[in-house]
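First chain A sits with chain B, and in the next complex the same chain sits with chain C.
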Partner chain A sequence: MRKSNFWGLLFVSPFIIGIIVFFVFPVLFSGYISFTKWDMFNPPKFVGLKNWIDSVTNPVFWISFRNVFYFALIFVPLQTIFALIIAHMLNHKIRLKGFFRACYFLPNITPWVAGAIVWKFLYGYDFGLINHILRLLGLNGSYWYDSEKWWVAIGSLALMNVWKGMGQTMVILLAAMQNVPTEIVEAAKAEGAGRTTIFRKITVPMISPMVFLTMILSTISAFTAFDVFLTMFDVYSLPDRNSVVNLMVYREAFMYGKMGPASTLAWMLFIIILIITVIQRKFEKRWVHYEN
Partner chain B sequence: MKTKYIKRYFYYIILAIGAFIMLIPFLWVFSNSLKTPENVLRIPPQYIPNPLTLENFKIVLKELSFMRYMANSFFVVIMNLIGTVFSSALIGFGFAMFDFKGKKLLFTLMLATLMMPSQVTMIPTYFIWSKAGFLDTYAPLIIPGFLGQATGIFLFHQNYKSMPNVLYESALIDGCNPLGILFRIYFPLSKPTVMTLVILTFIGAWNNTMGPLLYLQTREKYTLTMGLLTLNSSPIAGANMGVRMAGAVITMAPVILVFLFAQKYFVQGNISSGVKG
Partner chain C sequence: MKRRLISVLLIMVMAMSLLSGCGPSSGKEETKTTDQSVSGTKEENKTEEEKKEESKPVTLTIGLPGGYDVTSKEIIDGFRAAYPHITLVIDEAPWGDFTKKITTQIAGGNAPDIWFQENAAVLGYGDMGAAEDLMPYIKRDLKLEEYASNLFSAQEGEKVWGVPHGGNPIALAYNKDIFDAANVPYPTDDWTYEDMIEAAKLLTKDTNGDGTTDVYGLLTAGGITDGWFPWINSAGGQALDETKRNAVFNDEKSLKGITEWVNTIHTYKISPSRSTNNELGGTAQMFGNGMGAMMFLQYSLGSAVLNTNFPDLNYDTAKIPLTFDGSERVVPNVSNTWLIFSKAKEDNKEAAWTFLKYYLSADVQKLVAESGSTIPVNKEALAYVDTLQSKPLNKKAYTEGVDVAGVTLDENKCWNEWRTAAQPIFNDIMDGKTDPQTGLNQIKTDVQKILDENFNE
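This part shows the complex of A and B:
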C-alpha cells in the first residue's frame, strides 16, 4: 500500500462526487425535509415535529407497518427454509446440478413487472391456473392478490416474493456449505457419524453465520420491497388495508406532492430496519456459531 | 447402501418438483403468449397452444411500440455498462492501491449506501434532477453509473488487492504512471470481475422500474419495464391477455438469455456481493 493523496483521491474522485451529490446531500436534505411542509416548487416551510406526529397518529401508517411486518414474517422464514433444503440437496453428488441451480435462480433475474403480469394471471379468480387446480381437487377457488382480506392479498405477494428471492439465498447457502472443510466431515464419518448427524452437528453450525446473514438481508429486502407492490397492486387506487410504507412514500410524494410527510415515512422505515437489525444481532449470539 | 440410493432418488424427485414449480410461471407466460385471444381465457386451460399464433408478438412490437422500448432499454443498459465498469475499476483500484486522506470515511459511506433504503434519498435525488433540468431524459438513469456503484467498487477492490505487488512496482519502474498501470496491466487481468459486473449491471439496469417511473414522461422514451407497467392502460392490451403475456416474454427474454450464457459469472458475483456487500 502506497501513501499518495494525489493518486488516491484522483482515482476515487468520481466516487467522492457521486457520494456527496447522490447520498450525503440527499440523506441530510431528506432529514431536513421531514420537518417541513414542502411541495418541491415553493421554498420548504419549517413545521417542527408535525409530520412525525401526523404519521404516528395516522391509522393507515399503522396498517402499512402491520402489512410490512406480516409480509416479512411469511417471506423470510419460508425463503430461508426452502433455500436451506434445496441447498442441502444440491450439496450432494447430484447430476444436472447446474440445471437445477439455474431453474431456482431464474425468477431472481426476471423483472418484477413481467413476473407480476404472469402471477396476476396465475392468481386470477376465473381463469387462473391456481384456482383451476384447487377446483380440480374439489376445493373452492379464492381471490388472491385482489382479495378483500388484507392477509390473503399481502400473503399471496409474500409467496411470490419467495419464488422470486429464494434462488439467491440458496446459492449463497450452497456456497457456504461447500466451504465446510472436508477434513471435519471425514473425521466425523470415521467416528461413525451418520449423514443426518453430520448435517445437524457440523454443517448447520458451520454455515449458521451465513444463514444469519441471509436472514438479515432478506428481512431488509422485505421491508424495502417496492417493485412487487407497485406491480401487483394498483398504486393509484390502493385500498388502505393493502397499504405498505414504501407505497405510502411514493404516493405522498409523487401523487399528492407532500414531500414532508413522505420523507418522514421514509425515515421511519429506515429507523425500523435499524431496530430490527439490532434485535436480530442480539439474538444472533444464541444460535450462531463463529470460528475463532 | 440401498437406503443411500433411495435417498438419492428422493432428492432428485424433490429437486425436480421444486424446479418445475419455479418454472411454471415461465412456461405459462410463454404458452399463453402464443395463444389466440379465445384460447387464453378458457377453462379447463389449454396447456399447449393450438393453434399457435405470433399475432400477440406482432401487436406488441409494432402497434404498442415495444420495438422502440427495447431499443431504449438497450441504450440505457449499454450506457450503464460503460459507466459502471469504467468507474468501478477506477475507484476500486484507488481504494486497493493507495493510502489517502479520508479513505476510511469514504469506505464507511460506501457501506452505508447499501444499508439506506432508496426511499430516503429518492425525493432529494428527484429534486436535484428536476433542478438540473434533466427530467424526462435518460441522464438520471445513466449518470449515477459513471460515479461508481458500491458492488462494482467492492468487486474490483477485492480483485486488485489480491494481485501481486510486484506487478505494480515493475510497471512503475518501467515508467508507467498509475493510470496506465490500471488500464494496461490490471484491467486486462481482471476479466472475470469485469464479466461479473457486466452481468450484474445488465440485469440491474434492464430490470430497473422505479427509475423510469420517476424520470421518464414521454412515451417514446419509455424502457421496456415502463412500457410493460403501463401496458394495462392501453385498450388493445387491456382487453387481450395474450398481448400482455407477449409483452412480458419480450421484457424477460433478454435478461434470461444473458443469465443462461453467463451463469457462472453471475452466480459468483451474487455470492460475493450478497455476502460481503
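This part shows the complex of A and C:
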C-alpha cells in the first residue's frame, strides 16, 4: 500500500510542483503584496492596510464594481436565455443544422481585436450601422460604447460579450439537451404534451444542472471580463464613469508599476466573486434538479 | 533505496523540463559577430581606452521593442562589425509585448543590459533605481556641442536616466493642392495660431453642396502630442509647472488655448468632430484622403502613414505656429529613450555605453535619419535630415523646430498616471460633453492628487 502511494505521488508530483509554483505561490504572494508597496524592483515595503483602505475609500473603485455588477446583470441572463433558445432550435431536425451550429459558435473563436473592429463599426456615431438604421427610421443616432452615460457604454459592451460568449454556452446546453432521454419525451408526446410544454416541463428541468453550471461560469467570466473592455475602451483615456475592476488592476500593475494596489484590487474581486458564487449555490436547490 | 533515488532524480528532471519552457531564453536571438561586410570605419576612430576594453569579450543583451522595424538592422550589424569582442544577444518582441514583459524581467533581475522605451517610462525606472545614471558617462565621453538639446530629455536634476533613441516632434503639415485650389498662401514659419485658424476658415468647403463639409481647413487632434498639449501652450498656458510637481491646467492662458481648440470644431466648424475623426481612421488618414487642408503631423507619421499609404499626396510642412500673441513657439517632442539596466555587470554597462556612443555617432545617426521614423539627436545628422528628398521636403520644420522650441510632454515619473487621468476629461471637453472651464478645473484637481501621491510618498 505504501509502495503504491509512493508511485502515485511520484507520477503526480510534476503537476503538484507546477500547481505550487504557478498557482499556490502566486496567489499567496499576491496576498502578501497587497499589504506592501512594491514597484517590482526594490524589496516590498510593508504598509499594513493602506492599500485596502485606499481602495475602499476610492470612489472609482465603487464605480468599477457598480459597472461590473451591471455588466454581469445584463450579460449572464441574456447569454443564458439566448443560448437556451438557440440550443433548443438547433436540437430539432432542421436543414443546415451543422452550418447554423458553426455560425453561432464562430464568434467564440473570433479574436477580440477583430471582433472589436466590427463592433466599433456597428456602434460608430457618424457612420455606424446601428445609427444609420435608426436615422433611416427617423430616429436620432446615439453614442454607444463611447456614450457619456455609463449604463449605455457598459450595456453596449455587455451585448457584445453576449455575442462572443453565447456559442460556447449553446454547445454545453445542446449537449445536455441531447442527453434528455427520448422515451420521456415520447411518453409526454403520447400524453398530448405540446412542444412548449415539453421544453418547459421536461427539457429545462432535465438540463437545469447544466444551466446552473453555465450561469456560474458566465458570472465568473462577467466579473473577470477583460478583453472586451481592453479592445473597446482606450485604456489610456478611460473615463472614471466607465472604469471596471480588471482594467484598474491592469493599469495599476502594468502601466503604473504599483503592484500593492493592483494585488489588493485583485483580491477584492476574488472575494466578491466568491460571495456571488456562494449565493448562487444557496439558491441552487430551489430550481436545479439532479437525477439522483 | 536506489530505485527511490532514481525516482527522485527522475522527478527533478521532469520538473526542470516543465519549468524550462518559461526560461528567459525564449524570444532572444544570440548572434556572434561574423558579418564583416559592413564598413568597419569605426575601428580607426577608437580611443586607447576602447581598444583596451576590446581585449575582454563581453556578451551584451540588447532589448529591441518592435524589433528591426523600429531599430534599423543595419545599425545593429554595423555595431557587430565595429566591435567584434562584444557578442550581441537580441531580445526583441512587438512593442506592446515588450513593454509588458520588461516589467517582469526587471522584477526578476534579468532585464536586458540595455533597451529603449518611452521617455516617461524611463524616468520612472530612474526613480525606482532600475536605470543607470548616464551623466558620468556623458561628461566623460560626449562633446555636448555636437548634440541637440533633447539629448537630455531624460534628465531629472543632476541625473540622466537615458539618451534618445530618436525624437518625434510635430510640425504643421499642409496639403498644397487644397491651398492652391482655394488660392490661399501656404503656411509660413511666422504664422500664429490665429493665422492658422483664419486660413482654415477659408479652406473649409462643402464641395458638392449637400450641406455637409467635405474638406476641413484643419484636422484638430484629440490626443496629447498633436492635440491638447500644443493647444494648451498656444496662448502661453501650461499643463504642469517647471518643477513637474504641480498641475497648472486651469489658468487663464490655458483656458484660452483649450477654448480655441474646442472652437475649431464647435464654433468655427473648421475641423471634424472626434467621432468623425476616429471613424474615418484618424487625422493622418483623413489628411491623406484629401479631407483636411492642415494638421499637426508627428514626424514618424510622415513616412509610416502618408508616404506609404498616399505616395502621391502633395504636402509639405511648416513649423508649429507661434502662440496667439506671437511671442513664442512650443514644439512638443516625444522621445524614445535608451537606458542601461542598473543591475547589469560593470563590464556590460561599459559595453552598453560603447553601444550608445556608437549609436550617437554622426554616421549612425545618419542611418537613424534615413529610416524616416525618428529625428536624430546628433547635430551633424540633423543637418543631414534637411538634405533628404523624401516628403515633407521642409524637414527644417521639425529639426529647427525641435532644436529651438522643442519641449517634452511635461514628462515625469508618474506621467502615464496623470495623463491617463487627464485624457478622458479632455475627450469630454472636445466632444462638448463638458465645458472647458469645468473640465480643466476637474483635470487640475485629479492630476494634482496624482502628483501629490507620487511625490509626497
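Definition applied: the second predicted complex is superposed on the first by the 276 of 292 C-alpha atoms of A that agree within 3 Å, B and C clash if a C-alpha of one lies under 4 Å from a C-alpha of the other, contacts with A are read in each partner's own complex, and residues count from 1 in each chain.
The rule is simple: a contact is a pair of C-beta atoms (placed from the backbone, for glycine too) under 8 Å apart; a residue touches a chain by one contact, two chains touch by 3 or more.
As the structure is a computational prediction, the values presented were derived from the model and not from experiment.
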{"item": "Simultaneous placement of chain C and chain B on chain A, clash or fit", "value": "clash"}
{"item": "Which of chain B and chain C A:273 touches, first, second, both or neither", "value": "first"}
{"item": "Touched chain A residues, chain B compared with chain C", "value": "B"}
{"item": "Touching partner for A:189 - first (chain B), second (chain C), both, neither", "value": "neither"}
{"item": "Touched partner set for A:10, first chain B, second chain C, both or neither", "value": "both"}
{"item": "Touching partner for A:66 - first (chain B), second (chain C), both, neither", "value": "neither"}
{"item": "Touching partner for A:126 - first (chain B), second (chain C), both, neither", "value": "both"}
{"item": "Which of chain B and chain C A:50 touches, first, second, both or neither", "value": "neither"}
{"item": "Contacts of A:18 with chain B and chain C, given as first, second, both or neither", "value": "both"}
{"item": "Touching partner for A:29 - first (chain B), second (chain C), both, neither", "value": "first"}
{"item": "First (chain B), second (chain C), both or neither touched by A:213", "value": "first"}
{"item": "Offending stretch of chain C which, after superposing on A, collides with chain B (from 80-88, 98-106 or 350-358)", "value": "98-106"}
{"item": "Shared chain A surface residues [contacts with chain B and with chain C]", "value": "10, 14, 17-18, 21, 40, 126-127, 253-254"}
{"item": "Contact set on chain A toward chain B in their complex", "value": "1-5, 7-12, 14-19, 21-27, 29-30, 33, 40, 82, 85-86, 89-90, 92, 94, 98-107, 109-115, 117-119, 121-122, 126-127, 129, 132, 163, 166-168, 171-172, 175, 210, 213-214, 217, 220, 223-224, 226-227, 230-231, 246, 249-250, 253-254, 259, 262-263, 265-267, 269-270, 273"}
{"item": "Chain B - residues contacting chain A, complex", "value": "8, 11-12, 14-15, 18-19, 22-26, 28-29, 32, 40-45, 87, 90-91, 93-95, 97-103, 106, 109-110, 112-113, 115-128, 130, 144, 146-148, 153, 178, 182, 203, 206-207, 209-210, 213-214, 224-225, 228-229, 231, 241, 244-245, 247-249, 251-252, 255-256, 259-260, 263, 266-267, 270-271, 274-275"}
{"item": "Contacting residues of chain A [partner chain C, same complex]", "value": "6, 10, 13-14, 17-18, 21, 37, 39-42, 124-128, 143, 146, 148, 235-240, 251, 253-257"}
{"item": "Chain A contact footprint on chain C (complex, rising order)", "value": "4, 7, 10-11, 14-15, 18-19, 99-100, 103-104, 106-107, 124-125, 128-130, 273, 275-276, 279-280, 414, 416-417, 419-420, 423-428, 431, 433, 457"}
